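Okay, so chain A shows up in both of these, paired with chain B first and chain C after.
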Partner chain A sequence: MIINVKDLKKQYKKQEVLKGIDIQVESPQILALVGPNGAGKTTLMNCMMNLLSFNEGSIELLGKKHTDTSIFHNVSYMQDNRILYGDLTAYDHLQFICNIQKLHTSRIQAVADRVGMASYLKKRVRSFSLGMKQHLLLAMSIISEPKLLLMDEPINGLDPTSAINMRNILLELNAEGTTILISSHNLDEIDRLTSTIYFMKNGELLKESLDDFATNNYTLRVSHPVMAQQVLNERGLTFQMTDFESVSFEETIQPLHIVLETLYNHHIQVLSVQNERVGAERRYRELFESELSS
Partner chain B sequence: MLFLTVLEWTKMRRSRFFKVLLLFLAIGTIGYYIYIYSNTVRTEEILSNLEVELLSTESQLVELEQQDQDGSLDQSSKNVLKIYHDSVPQLKAQIEGIDTGNWTLWAKANREFQKFDTSFATKPEWERTYPTRFTQDSHQSFLEWLEQRNIEPVWPMYVWLTSYDEVFDEGLEPIIRGNVDKRHGSNGSYFSYHLFNHLFTFIGIVFFMFLFSDIITKEGEGRNGPIHLLRTLPINRNAVLLSKFISVLLMTIGILAVVLILATLLGTLFDRFGDWDYPILIYGENYTFEWIPLGLFLLKSAGLFLLGLVFSYSILFFFSVLTNRAIIAIGITLTLLFLGNAWAEQSILSENAHLIPFHYLNVYTIVSNDFAVIQDNFAFSFKNGVLSLSIASLAILLMTCVLSIFRYRTRG
Partner chain C sequence: MNLFLFELKKTLFNKRFAYLLLVIALGILFLFGRNYYFQSYIEKEQEKKIVEEIQYGQSLIRQYQNNPDQANTEELQRQIGSIVDVLFKLLHSIGSDDWENRLFLEIDYLQKLVDFQEVGGQFPLTSREIKERIVTNNHLLAKGIPPEHPVYSLAVPNFIKQAVDLFATTGAIILLLLAAGDLLTSEFENHSIHFLFVQPLKKTSIIHSKVWSSVLIYVIMTVVLISTAWLISTLFGSPGTFAYPILIRDATGFAFLPMHQYILAIFALISSVALLVIGLTIWWSLLVKHSLATLFGVLVILVVSYVMTSMIHLPASVNPFQYVIPIKSVLNQTEHPWWSAIPVTVGAFVFFYILSLVWVRKVKLS
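Then we have the complex of A and B:
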C-alpha cells in the first residue's frame, strides 16, 4: 500500500485537530486535499512526514512505518519555503539533496531545466521571489524521482506559465508511477489535476470523487448576442451574458444541446465554444457554504 | 554525516555575517601586527646602546685606573673598578654576539653580566620584593636556554619580571612593568604568541560564539525552519546535531590555523620567521619552574581554548534546543558565560573552585600556571582545565540529547 493512514487523531491544547483520519491508497494516483485555512491539511501532512506527533492511529507509507527515515529515499515533501537556506544558492540545495540521496549531480541541471529555473540556479535563495522559491522547492522534491510526493500549497506564488508547467510535471510524474498528495486552495488547478479529492473540514476527512460532481461550464461566443439573449429568455433557459458577446451556463443547470438547438433554430451562429470543468469548486461551495456565507 | 558537514561548510562559506567577522579578524590581525612591528625594539638599537655603554665603561675604567695608579682610590671605588674591569670583555662579547648573530655567545656573556648583581641568590624564596629570587633564577635559566639553542631573544632584555614580583622600590614599578610591556617581537613565531594571547581568552570565546551562532542555530529546532528539510530526508536525527558540532569544531581549527599562518607570514615577510622553541615560562609548585618551547605552548593553549569553545558551543546547543529561537539561545548563552565568569571569580577561594569550568577560559594564564601562582592554588592546572571543561561539555551535550529526544517525542 502506498499510503495507509488509519484512524489518525491529534489533539492540540485540548482541541481535536484531526478526528480519526483514514486514507488508503493502493495504486499511483493524484489526490487533492482541500479545505479552508485551519482545517488541518498541513497538520495531516506534517504527521504523515513525522514532523508532528499524533495521539492515536497509525501511518504507513510505501509499506513502512512513517518513523522509519529510510522512507525518505522514496518519499518527498514539498513544504513551506521557510525550509530553504537564504544564504545558499539553488544549486547548493539541490546538490545537498543529491549527496544525501546518493544521486549523480548531473540531475541538477536536468531538473532545473524541467522546472524552468536554470537561469537562477547559481543565485542565492535570499534574492528569490515567492515563485522562484516554489520552483526550487518543486525541484528539490522531484529530483529524487520519489514514489510518493506530498505537496503543501505548491501553486502559491506561481505565475500562470509556471502553474501550467507545474501541472504538466505532476501529470508526467503521475504517469511515471508517482503518487501525489497535494493540498491547494486553487480549485481550478485541482480540477485539472485529479478527480479524487479529500475535503477537510474541522479535522475530518471526506473523500469525494469529482466525477460524481464535475460539470462543465460552457461559454459560447455568438454572432448576434442581443438576439441570442432574447430567444434563450423566451425559451426559459438559465444563462449569463459575458462581455456582451458570449453566453455562459453550467451544464448541470442547462444541457448544452438544448442551448445549441435553440440558437440554431433562430439562425444564430455559434462562433466558438469554451468548456471548463468545475467540479471542485462546486462541491466546495456545497460543503463549505456556511464559511462562504459568513 | 560527511554531506551534512559539507552543508555546514557551504552555509558558512556563503554567510555574509561570517565573512564580515572573518574580515574583521584578518584586519585585526594585520592592524595588531602593524602596532607590534612599530613597537618592536630592533637589534641595531640594542647594539648601539651596548656600544655606548662599552664606551662609557671604558672611559670610566681609564679614569678609575688612573686614580688607582695615583693611589687616590678608596676601597668601594676599587670594587667598582673590578666590576668595570670584568664587565668590559662581557660587554664586548655581547656586542660581538649580536653583531655576528652568535646568540650563544651573547646569552653566555649576558648571563655572566647578570651575575654582577650582588643580591643574586641571596634572597629567601618567599620574599616578594623585586627582583625576587624566582625572578633572578628564572632569568638565568632563560638565558641558558637561549645559549644552548642559539636563539635570538626578544628585546629588551634588561628587565625580567615574574608573577612573584609584588613589592617594588618606590617609583620603580611603572618603569619595570612599562619595559616588560614593551617587549614585542615582530618575528613570525613570537607575533603569533602575542596574537593568540589576546584570542585565547574569554573575548575570543565570545567572538567565536558570534561567528558560528548563526550557523549553529540556523535550523531553529522545532520551528518550520530548514530543520524540517533535514527531517524529511533520509538522515539520522542525531547526525544533524553531531555534524554541526564537528563542522563548527573543524572550522574553528581551520580559522585558528589560517590566523596562525597569516601571523607567521606577516612576521616572516616583514621581520623573520623566529623560533618555535623560544622558551616560555611555566610556573611550578614551591617556586619551581620549567620552560617549554613556544610551539608546544601554543599547541597546548589551542587545545585548551578549543575545549573552552566546545563547552560554550554545548551551552549554545542546549539553549538552541530548549528555546527553539536562535537569537534567544545566543543571548542566554552569552549571558550565562558572563555570569559564569563572574560567579567563578566570586567563588575563587572555595575548596572546589578548580572544578568550575569558567575558570579555564583565559587560556595562557592556565597553561603557564600564572593563574595558579596568582591564586596560590596549583589545582588550577592545565590538566584540571582539560578535565573540567571536557566533563562539563559532555554533561551539557548529554542533557541536550535527552532534551532533544524529549522535545522530538512531544513535538507539535
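Then we have the complex of A and C:
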C-alpha cells in the first residue's frame, strides 16, 4: 500500500486537530487535500512526514513505518519556501539532495530544465522571487523521482505559465507511477489535476470523487448577444452574460443542447464554445457554506 | 559526511562568518598598529618611571636628613643614596643598545632595594615584584635574550603571544558563539530543519555535522588569528625568539616557560573550553530552539559556573569551567599543573555531545 493512515488523532493541548483520519491509497494517483486554513491539512502532512507526533493511530508509507528515515529515498515532501537556505544557490540545494540520495549530479541540469529554472540555477536563493523559490522547491521534490510526493500549497506564488508547467509535470509524474498528495487552495487547479479530493473540515476527512459532482461550465460567444439574451430570457433559461458578447451557464442547471437549440431557432450564430470542468469549488461551497457566509 | 560538507558550504558562504574573520584580522592589525605607534613612548615611559623612583628616593634622603635621631637612619640614608646612584646610571643607559648592561644595572638596583627593605626601608615596590624582576632579568641574561616590552612589543613571538592572550581572554568564546552559536537554532528559526528531517538522514547526523562544523569554525578563526599576527609582525616587526621566557608561578616558586610552550598551552586550554562551549551550545540549542536565548543561556552558564566553581575552590581536575579564563591557569600553577582540567573539560564536551545525540532523536516540530 502506498499510503496507509489509520485512525490518526492529534491534539494540541485540548483542541483536537485531527479526528481519526483514515487514508488508504493502493495505486498511483493524484489526491487533493482541500480545506480552509486551520483545517489540519499541513498538520496531517507533517504527521505523515514524521515532523509532528500524534496521539493515536498509525501511518505507513510504501509499506514502511513513517518513522523509518529510509522511506525518504522514495518519498518527497514539498514544503513552504522557508526551508531554503538564502546564502546557497539552487544548484547547492539540488546537489545536496543528489549527494544524500546517492544520485548522479547530471540529474540537476535535467530537473532544472524540466522545471524551467535552468537560467537561475547558479544564483543565490536570497535573490529569488516567490515563483522562483517554488520552482526550486518543486525541483528538490522531484529530483529523486519519488514514488510518493506530498505537496503543501505548491501553486502559491506561481504565475499562470509556471502553474500550467507545474500541472503538466505533476500529471507526467503521476503517469510515470508517482502518487501525489497535494494540498491547495486553488480549486481550479485541483479540478484540472485530479478527481479524488479529500475535504478536511475541523480535523475530519471527507473523501469525494469529483466525478460524482463535477459539471461543465460553458461559455458561448454569439453573433447577436443582445438578441441572445432576449430569447434565452423569454425561454426562461438561467445564464449569465460575460463581456457583453458571451453567454455562460453551468451544465447541471442548464443543459447545453437546449441553449443551442434556442439560439439556432432564432438564427443566432454560435461563434465559439469554451468548456471548463468545475467541481471542487462547487463541492467546497456546499461543504463550507457556513465559513463562506461568515 | 555529505551533510558536513553541506554545512561547511553554508558556513563558508555566510556573510556574517566572513565579517567575523575580517574583524579578527582588523583587530590584530589595529593591535600591531597601536604597538608600533607607542614605540617612541616606551623610552619616555621608562624614563618617567625611573625619574619618579629617583624623586621618591631623594625625598626619602631629605626625610632621613630631617630626622637624624631615628634608629638605622644613617644606614637607610646610605642605602637609599646608593639606590639613587644606580637609578641615575639606569636612567642614562636608556636608549643605548647595550641591553645586557641595562639588565645588570636593574638587577643591581633591585638587589639594593631588597637590602634596603630588609633594614626597614619603605619603597613602592613589593618584594614579590622585585623578586620576579630579578629572576626574569637573570634568566634573560643567562639565555642571551634581549628584553621585550610586555605590552608594546613588535617581536614576532611576543606579538603572537599578545594576540593569543587577547583571544584567550573571553575573545575566543564570544567569537565562537557569534560565529557558530546559531548553527542549529537558525535551522529551527528558519524552518530549514523541516527540510533536513525529511531526507534519508539520521537525526543524529545533523548533530554530528553541527558539532564538527563548529569545531572547524573555531579552527578557521584560530588560523586567521595566528596567521594574521605572524604575517603582520614578520613584515613590520622584529624577529624575536620563541624561547623568550614567560614567568610562571608553580609549587617551587618561580619557573619559566618558553614562549612557544606558553602559546601551545594557552591554545590547548582555549581549544578544550571551545569544545565545551560547542557541546553546551548544541545541547542548549535543541532545548530552546532560539538563537538569542541560546547565546544568552550559554554565556550565563559559563560565567555563573566559573564564578561559583572559583568561589568554592573546586579542584581543577573536576572543574570543567576552569578554563573560561585560561591564562590564569598557565601563569599560576601553584596548586595544579596547567593541564589538570583538560580531561574533565573535554569530558563535559563529550557528555553534552552524547546528550544532544540522544535528545535530537525525540525532537519534533513545535
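Note that in this section the second predicted complex is superposed on the first by the 294 of 294 C-alpha atoms of A that agree within 3 Å, B and C clash if a C-alpha of one lies under 4 Å from a C-alpha of the other, contacts with A are read in each partner's own complex, and residues count from 1 in each chain.
Simple rule for what comes next: a residue touches a chain if its C-beta (ideal position, glycine included) is under 8 Å from a C-beta of that chain, and two chains touch if they have at least 3 such contacts.
All values reported here derive from a predicted model rather than from experimental measurement.
For the composite obtained by superposing both complexes on chain A, the positions of chain B and chain C are in clash.
With both structures placed on the common chain, the touch criterion links A:264 to neither chain B nor chain C. Once the two complexes are overlaid on the shared chain, A:53 sits against chain B and chain C alike. Taking chain B and chain C in turn and counting the residues of chain A each one touches, the greater count comes from B. Applying the stated contact rule after C-alpha superposition, one finds that A:87 touches each of chain B and chain C.
In the superposition on chain A, A:12 makes contact with chain B only, not with chain C.
Within the superposed three-chain model, A:77 lies in touch with chain B and with chain C [touch as defined at top]. Among 6-14, 60-68 or 96-104, the region of chain B with C-alpha atoms clashing against chain C is 6-14. Where the contact sets of chain A with chain B and with chain C meet, they give residues 46, 49-53, 69-73, 75-77, 79-80, 82-85, 87-88, 92, 96-97, 99-101. By the touch criterion stated above, chain A contacts chain C in their complex at residues 46, 49-53, 69-73, 75-77, 79-80, 82-85, 87-88, 92, 96-97, 99-101.
Those residues of chain B lying in contact with chain A across their complex are 3, 6-7, 10-11, 14-16, 218, 223-226, 228-229, 231-237, 409-412.
Chain C makes touch with chain A in their complex at residues 2-3, 5-6, 9-10, 13-15, 190-192, 194-195, 197-203, 364-365.
If you check the complex, the residues on chain A that touch chain B are 10, 12, 43, 46-47, 49-53, 69-73, 75-77, 79-80, 82-85, 87-89, 92, 96-97, 99-101, 124, 140.
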